[in-house]
């Protein structure tokens, strides 16, 4: 007997994360894409918007309509912008669908923080309690039973995976964590702006939103949860002239003496059952090209005196967005967690 | 006695051509920039728009106002978009100013052609007769006495310089000229569009406006003038993931037998007094990086049977726009033609 | 009953084509990689050479040894340099293995041509008769029964697919075909050279080997076979600052009148059973990013007067090398031709 | 009376720094290039090596020969690799020439440190005492009277300028300084290596030599000099897919409370007479493209709690190498310090 495939919808299919979701799900053995939609009117085919899908997925990309999407699909990915997502999520949940939301709307537990960083009132705060922060390496069990998963931001994914094993084991001071993160341009989305034009980004490097990026509170929240007390990181994001990839160089202060080799053991132990984290050998550091198009997070470590330097690499559109979303779906649906991702 | 410097204005200073005009003119020994303006309201400093000029040119960039610009400057560069330029040029000429217009508005002599390719009626057709097509290698003398110079398009500059010596000498058939041109992204301007985002242009190559680019009639017009009969080229532009540079690969049919060495002599002879064309040795072909930030056009040639392949390289923002505009000013003002450009 | 997987070897695994072969074969449902080797001594793990495979393929990459490879594998991919490949191929064939050779060594039927373009004597000319040129869109049946497939060059793949339907149908003159091809940097291989350094290739565009590239005789040979008489193309390759992709802009002369729409129909008819060619709609032209990481060749066409302009896009490492090699294996082994490639 | 121009030699003219030195010196009003040389035999023209100089500088690039260079030139720039430079410098000094050495050979005062980081014995330690570290913003006066200037490394230039004003004023702890530096690929030089190939660097980001880069002791030495006690920084360099530019993000701990605005004042005060440092307004951070092709160092600052984040941007080949070398020459020769650089 052949198991029927899970019908999935991608809401907000025309951004970079939506495109990559489609690419991954087309290869996934257990699902079929039954609906793609976006906020604009029209019914252009998705393969006209992303010609890479010509002949592979020629569905019309319709205007988001919750009832008709609910009819077409049983599992919903939302890849909409922040603030927009929360206007649709409650409808899908009410209809009994499971949801992975790639926006920031259900990541922050504290609505005051949300409103401070995103500038609008949260319209469905009642869902924040049950929404699970979808970082499988930390919350695998909770994700498995969740109805609504808030898929982590790209920067938080790369940062948290490089900090949590040391923080959780009390090997570092929770104060004074510095994250120097560098991202490719797809991280900024697909909305036109002079600052994102090829000729502005190419042959240029800059820091931006220095210590005031909206991903900071998300990092602080998750680290505080692990630490048991309030953590505030210093966070400097940079825009790098490449399409994809985030490299995060993290500086922490050891609370007890430890050499590089022991620090590596801490990470290896923490991630020993995690198929998508690769802790590298001593003196080897990750490069973004080695995780491109994969769900891996590669991690390299160096201890120097009381400082520990951790470097993590992810593909911002995969582990930082779409493949992590599929990983979450795999857990929520009881699929092999590697399905479609290996 | 110190000669007073020529006061120049840059109208439309906030695009890529405007930016490079400033860069060149700041180094020019005989001029000073006394006015920069743009179509938007406001009086932001030009050095806030292009921080590269911080501390070097901190003039406010004001809304275009012909009378006040005329008061401030004696020579006018217009780096405005097509269709906009012609609403300002007549005013500057009436005020007795000399003008180099970098837009397409005064390049085509035939208003019907202009209207066909640019989609609007020409509003000052009476100026077309006296406007000089500013390709110094062909029209040096006319430029020297012009009041209004229509600065050539970037593609036409690279194409014409690779064809005219052969066409002028009747060495090639005027039919069947094929131009396969490749440009960096600044050629598309600085107005935001999804198709110009870094992540769309990077790691991508495409042909666009295949045989229907608005620079075609300009090439046809100039070649027809040289040939004495109507010339229609085949023209395919491509967008290359780099900021600057145009490489034009041109395929022509010889009307009489000729080897590569003789073809090179034709070019060397034609350009012998032209300081900004470099004809390369046999088997050497130009690369865009060797003309970057210069007013040079480098040319390489190969004959194979009855075909001649000519490859030309220019910097689209320099020889294809701003440095050629300054070259034209040098000729119009009787400066050393190399001033500010060597 | 579970079918046993085909054991495959990759000989010459450390170049770009070898790396992509591994990537594709790791996802292929019907094969397992049982041997990777290279010309250098040592037994570094392949995952140390290409860290992207850490934890996914940790086989040692040993020095090429035909007997031990024959013991380990039943199907052999050779991704060695030209001239080196032919020293190993006869051994594998003698041992009864099927071979796809990605080098140029068995592509040219005429040993004089081979020696002219590659500068060495051919050491196994007796195999040239039975070697099949592995362009599935043209030779599908012959490939299915071949023991030795010569995998086409990247430029010939992109060129031939844009010419053959018109040439085969006698719609064009066989003289005067011009191919203006543009390739990303991986096409030049992974051997260090100043001219391939990042800072030399980036922000640069150049033509190279103008009308004397070693892929020309391969194109001429295949077109001559289709045409029935000798064809000699004009061929100009260019190096584009991107990792992957070839865009070929091909100019041909129609032998009878035909509009764009009819020309498109010719292509659609010719490729109607070919799953990896996509003929685009009128006025749509291919972009390399839409075929990246795929086995597709996308084709766009425009007729203007007696000229027809065809633009094709392939991924030089996929359809131009590794995925085409896997496609050939699928045909040789009777697998679904899409296996591992969709 | 026309002053005779200073005759300068460039020894080691075929690397990126040598190329840029030529570019700058060709525009310098007070010098002429009378000799270019390299370590290889031959006498290819420099314009064949760097075709950008065709028709502008066609001198033969000869094998380094101290006596004949001394005959040809009065001022010597050495742009040779580390370890090679010190075999030539003593000869030039003995001949009474002034020297700017762009290598690391005369930067470290402690020969033990030199031997530890560069792996060879220093062969002219007697010159280290009089060699002046050529950072004009710190050592302007000493440079003016020096015979031998050790031109700073690219990373140290960008780092020191972002730290010294705060350290010198005792506003920060001298412990715990973290420098997260990101460089374009020209910083790695022009010697072929797989890791520097276009296809390896493009679309990739990595940290390298994490806390063990040979520029660290140079930074430590200069900061220790300013501080009066031993300073050891944490230093992580990164390779960014762009040709030029270094962005340094520096994290320091304030020793007394201070807001961003006061910190900016410290920098503005320190650099008030320095024409090539631009301290940006609050909330503005530098981008490498705004210093490209200039001798500027742009600096942005943010204070958050006890942390101060300083971001500096330089062109690694200009302020980080060649234009700083020319700046040093200007000071040594009593030229206007801006000559050739504005």
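Here the chain labels run A, B, C and D in written order, and each chain numbers its own residues starting at 1.
The rule is short, and it goes like this: contacts are C-beta pairs under 8 Å (C-beta built on N, C-alpha and C of every residue); 3 or more make two chains touch, one makes a residue touch a chain.
The structure presented is a predicted model; accordingly, all values stated were derived computationally and were not measured.
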Original post:
Touching subunit A and subunit B alike: which chains?
Top reply: C, D
Original post:
Which pair wins on C-beta contacts, A-D or A-C?
Top reply: A-D
Subject >> Most widely separated chain from subunit B, with each centre as the mean of CA atoms >> reply: A
Original post:
subunit A to subunit C: how many Å between their CA centres?
Top reply: 36
Original post:
Rounded to the nearest whole Å, what is the centre-to-centre distance of subunit C and subunit D, using the mean of the C-alpha atoms as each centre?
Top reply: 46
Original post:
When the C-alpha atoms of subunit A and subunit D are each averaged to a single point, how far apart are the two points in Å?
Top reply: 40
Original post:
Which parts of subunit B, given as residue numbers and ranges, touch two or more other chains?
Top reply: 184, 200, 202-203, 241-243, 287, 289, 292
**OP:** Report the residues of subunit A in contact with subunit C in the complex, numbered from low to high.
**Re:** 27, 50-52, 54-56, 203, 278, 280, 284, 286-287, 289-294, 298, 342
Subject >> subunit C - residues contacting subunit B, complex >> reply: 178, 180, 182, 184, 200, 202-208, 210-211, 234, 236, 238, 240-245, 247, 249, 251, 285-289, 292, 300, 302, 304, 307, 309, 311, 313
Original post:
In the complex of these two chains, what residues of subunit C are touching subunit D?
Top reply: 16, 184-186, 190-194, 196-203, 241-243
